[in-house]
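Chain nomenclature is as follows: A, B, C and D, assigned in order of appearance, with residue numbering initiated at 1 for each chain independently.
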Amino acid sequence: MYGLQMVRGLLVTLKNLTRKPFTVQYPEERLPQHPRFRGEEFVWYEERCTGCASCAKYCPLGIIKIVTSPSGTAVPQGDKYRLEVFDIEIARCMFCGLCVEACPYDALFMGSGFEQGRYSRRDLVIPIQQLRESDKRPSTWFRPQLEEAKYNPHLGQPVDWKQAGRESWRWHQREKAGLRLDSHPADSNVPDETEKPTQANALPEGPVQGAR
Amino acid sequence: MALKSLGGEEVARRLEAALPGVVERWESSVIWVNPGQIREACLFLRDDPHLDFQFLSSLCAVDWVEHFEVVYHLTSLRKQQSAVVKARVYGRQSPSLPSVYQVWRGADFQEREAWDLMGVRFEGHPNMKRIMLWEGFEGHPLRKDFLQPGANLPHG
Amino acid sequence: MSCRLAADNVLYGNPLFRWVYDLAGSALPCWLAYIIAGLVVMFIVVNGVLAGTAVLTWAERKLLGRFQNRVGPNRWGPFGLLQPMADLVKLLTKENLTPKGADRLVFNLVPILMMMPTLLVVAVVPFAMNTAVADLSIGVLYILAVSSLTILAIFMAGWSSNNRFALFGAARGVAVLVSYEVPVVLSLLGVVMVAGSMSLSGVVEAQAVPFLLVQPIALFVFAAGTSAELNRTPFDVAEGESEIVAGYHIEYSGIKFAIIQASEFGGTITASAVIVTLFLAGWQGPLASYLGWLWFLLKLGLVLFLFVWVRATYPRLRTDQIMAFSWKFLLSISLINLLATSLEIYWLRGAERALTTGDLWIMALMNLAIAAACLLVAGRLSQAKVRRVRPPLPVAASGTAAREAR
Amino acid sequence: MTIRTEPVTVNIGPQHPSTHGVFRLRVTFDGEVVVQVEPVFGYLHRGTEKLAEERNYVQVVTLTDRLDYVSSMTNNQAYCLAVEKLLEVEPPPRGKYLRTITAELQRIASHLVGVGFFLQELGTFGGTPLMYCFRSRERILDLFEMLCGARITVSYMRPGGVFADAPADFWPALATFLNAFPGELAELEQLILENEILMVRTRGVSPLPLDLAINCSVSGPVLRASGLAWDWRKVDPYDAYDKVEFQVPVGSNGDNYDRFWVRMQEVRQSLSIVRQCIAQIEPGPVRLPDLPLVLRAAPGKEAYGRIEAPRGELGFYLVSDGGVSPYRCKIRSPSLINLTVTEHLLVGWKLADMIVTLGSVDINMGEVDR
């Protein structure tokens, strides 16, 4: 009958009047973020970074600037190159995460925040100092080892560089120093005092199957 | 129910039988057509009951530096088959070939786009002007020799 | 020196006016006292309507928000109650633009002309017993005459703005408003006939049975007509923000825009007040008679809620469809209503030439039946246009069943 | 007495509430009736095809997100299919299923946006149905965030599969969505699907005859509304579409209501496809393990990969010269080509119908201008 569907429509809106709103009042309330969220505050572990600039090469927009120099320190200490500049120009960043995907040593992680608004474009560059000092709450995007450890950057504690990789940090340190020649799988599983997980959401040690 | 990709040979044979001399050469899935006769060829491809390519999926131009290649992806909705037809246009100053607007009106915007971005003119198109860029823009940006003014992108 | 107000003065019925007049008249010349008393009453009524408008803007936005599963304004004050203040401050501080090529005089006159009919209508609406500013004996006629002034303002706005969207809006608005005048007038004729009075308080007192029941068709026609005159969904073609952006007031900004918006919301309030008065028995209600204003406000709130509810639900009609709806449907049913009502009155009216409550109930039953019949016939006539097209497609069974089936 | 009238030319857009982005229509009206219309676009032209020539095959995935930003997943899918055709590889089954699930979720989200704005253009004040559509879309975007860390610019798929398997909590969340959404959809249908005002506004308005639609290369829901059951998912099944059952909704005369109806029905079918995929998906790898980060195709090879995107046939024509990036990347965008029929659809109808018809064709400027 004419008008019947219109009455049904009125009933729908009336029903929704009594519902709880689905919107979120942003600054006070927040949507739950998921661990894979690709956010702005990039997490970078200098200890893990070899300065290979894979991230810079793989960035579709070319916004990562890396300058390295040979380090003066001893090679066995795991310092082949010293990072002088590591600028991420987040003004043009589209947070695709390809830099994280490209990083062979799990040194770069996506961050979990989204509130880096600035008043000037010039401020929209993350310099190396900020990367060094920033909170180490990496997103689990493209990092299956963090996901398997059920790490959630939005709840959890910071992740230490020794626990962030998909392989043992000792193995990694040798790798970084270019001493892989005699590397042995058993080598990487030598227990070490400093390797002992101390945090609540500690990450597993030893080689973890990577995504690639 | 699956799409059949028509072999270049079959299409070329039929086309050659109807319009001798129109096919320049063919490969496993592609035929090259004489650009001067592209409209007649397309009309035949559309109206031949065995080919029945009533639907122009895509039209684009590729810059191979020594020539431009205009690529037509055709689909027959009734026979569920597809084919690729190409036409080579030489010359960088004013490459042009007949428009297929009268065959498929779906070519309208794509031909304009090919003119706008690649600089291939389609003769007989009723409204051959720039579509994405503004009138007065110099050059055709999708050409390989187009230099972006002030290009200093890291990947440029 | 004491001034006495003549009993046949239109303002005599208003106790506030008489009190102020007597008070001022004891010290001042009579003509001055008359003006002062008038200004005092005007001040109260105008500000009352404007305050109501402010509350309505908040309430409408809040309600629309909740209808749409949103929160609505909630930043200023508790529940966002101070939002109208924030809006006002914002609009007052905005630049007051006059477009190039606009007819300045006409352009600037429009907000005033828009606001005027809204406020004028309030003058005769009795919010409670003896509270109308002026209880005109031709109140209904006055409302019809004054409220149609809006057309002029809309047309002036569209013409003077030097904007094509505004012109579209004005043309649409005028076309719709003119075509809705006729059924609205005819529908009110039925009400006046049953009440036997054109004064609004007379109509209220005549409603032993609310005219909602006695004149259902008239109520429908009047509600549809006022929706159209107020540019409210589904008849908001003159503004049609998805088509002509804001229609006739597209070029207005700042305080002028605020006044136009306020006059629209105020118009909604006054139209609802008129509906309450004419169809929902005005201030009448159970319990003590001094609670009349409370009943009035309750009913007013209900009608306003209905307006917002409809606005939240329906899409917009096209201009020609709106006019077809008016001329083909509303005009015919209001004519039917008029005919039926006059025949009923002719038969039912007793020797004392007045309708009793029993008569009203009989009329209510008959008119409800006629309304239902009209709806049915109209539904049958228009069925071809709105029939369901085709049933929804079946959906493949999900899960393992589908896998086994293959 | 005759009244002298003259046509009025109005620019609808580029800033107009109903032009789906920065789209401009130069329209000449006679009264309210459209007598001449010319679409003008390019305001959002970012040169995606040129940019793709300067990036490697995987990097281009991020560019495709930004084409039709209302359905990024299907853009990724079309591009990855084209690259896979070029490299002659095929993703593992789980990857295919994940792609199908996400693409269908994206189709639901995209159709909700399309339908919501269509109804908004019909004049539902403040967009009540639009808000209901967005309420449901929000759930889908949440699922995407769970899956790939972003809601709009997903970049989830890669040539050779998807970048990673779904996290463990994705499946319960998807089940929650599948339980909640049919109710919301039913509510939307009750609110508007057969509303009389909608009917009189849209039925018989701007019909598109089938032969014209085919000749103008119109595809997607617009073509199906004109009466042809042409769906690339059926005709040339890609990913996991050959393993699921679904119906192709078809309209009868291609008017605005049919276009709207087809979309509403497709949402139901997509829901069923997602359900079937969940029932069929099995553990396994999601991405080809031996594909390098920087891909190379044989010189001179070319591939045309196409899918049934929510707006129609989305095709990527890739030509390789043996380098790390495509030599030519042509994007056959359905929105642009569906606009070919603008003039036919709009001329002779009123201003109000014009806006609604544009909404029913459901274009996306990111894809039109590229």
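The criterion applied here is as follows: a residue touches a chain if its C-beta (ideal position, glycine included) is under 8 Å from a C-beta of that chain, and two chains touch if they have at least 3 such contacts.
Given the structure is predicted, the values throughout are model-derived calculations rather than measurements.
Steps from chain A to chain D, taking the shortest chain of touch contacts, total 1.
Note: the chain lying farthest from chain D is C, by mean C-alpha position. Ranked by C-beta contact pairs, the top interface belongs to chains C-D.
Central chain assignment: D. Criterion: smallest distance from chain C-alpha mean to the mean of all protein C-alpha atoms.
Put simply, the C-alpha centre of chain A and that of chain C have 59 angstrom between them. Averaging C-alpha coordinates per chain places the centre of chain C 43 Å away from that of chain D. For the pair chain B and chain D, the distance between mean C-alpha positions equals 25 Å. Counting only residues that touch two or more partner chains, chain D has 55, 128, 132, 135, 191-192, 194-197. For chain C, the set of residues that touch two or more other chains comprises 67-70, 312-314, 386. Of all residues in chain B, those that touch two or more other chains are 153, 155.
Those residues of chain D that touch chain C in the complex are listed here as 8, 10, 16-18, 31-32, 119-128, 131-132, 135, 191-192, 194-201, 203, 244-247, 249, 252, 257-258, 261, 265, 268-269, 271-272, 275-276, 278-280, 350-353, 355.
Looking at the complex, you find that chain C touches chain A at residues 63, 65-71, 74, 309-310, 312-314, 375-376, 378-379, 382-383, 386. Across the complex, chain D meets chain B through its residues 41-42, 45, 47, 49-50, 54-55, 212, 214-218, 228, 230, 234-237, 304, 306, 313, 315, 317, 319, 327-328, 330, 332, 336-337, 339-340, 369-370. Across the complex, chain D is touched by residues 64, 67-70, 164-165, 167-168, 171-172, 233-234, 236-237, 240-245, 311-321, 385-386, 388-390, 392-396, 398-400, 402-403, 405-406 of chain C.
Against chain D, in their complex, chain B makes its touches with residues 1-3, 54-58, 60, 62-63, 71, 73, 77, 80, 84, 104-110, 113, 117, 130-134, 141-142, 153, 155-156.
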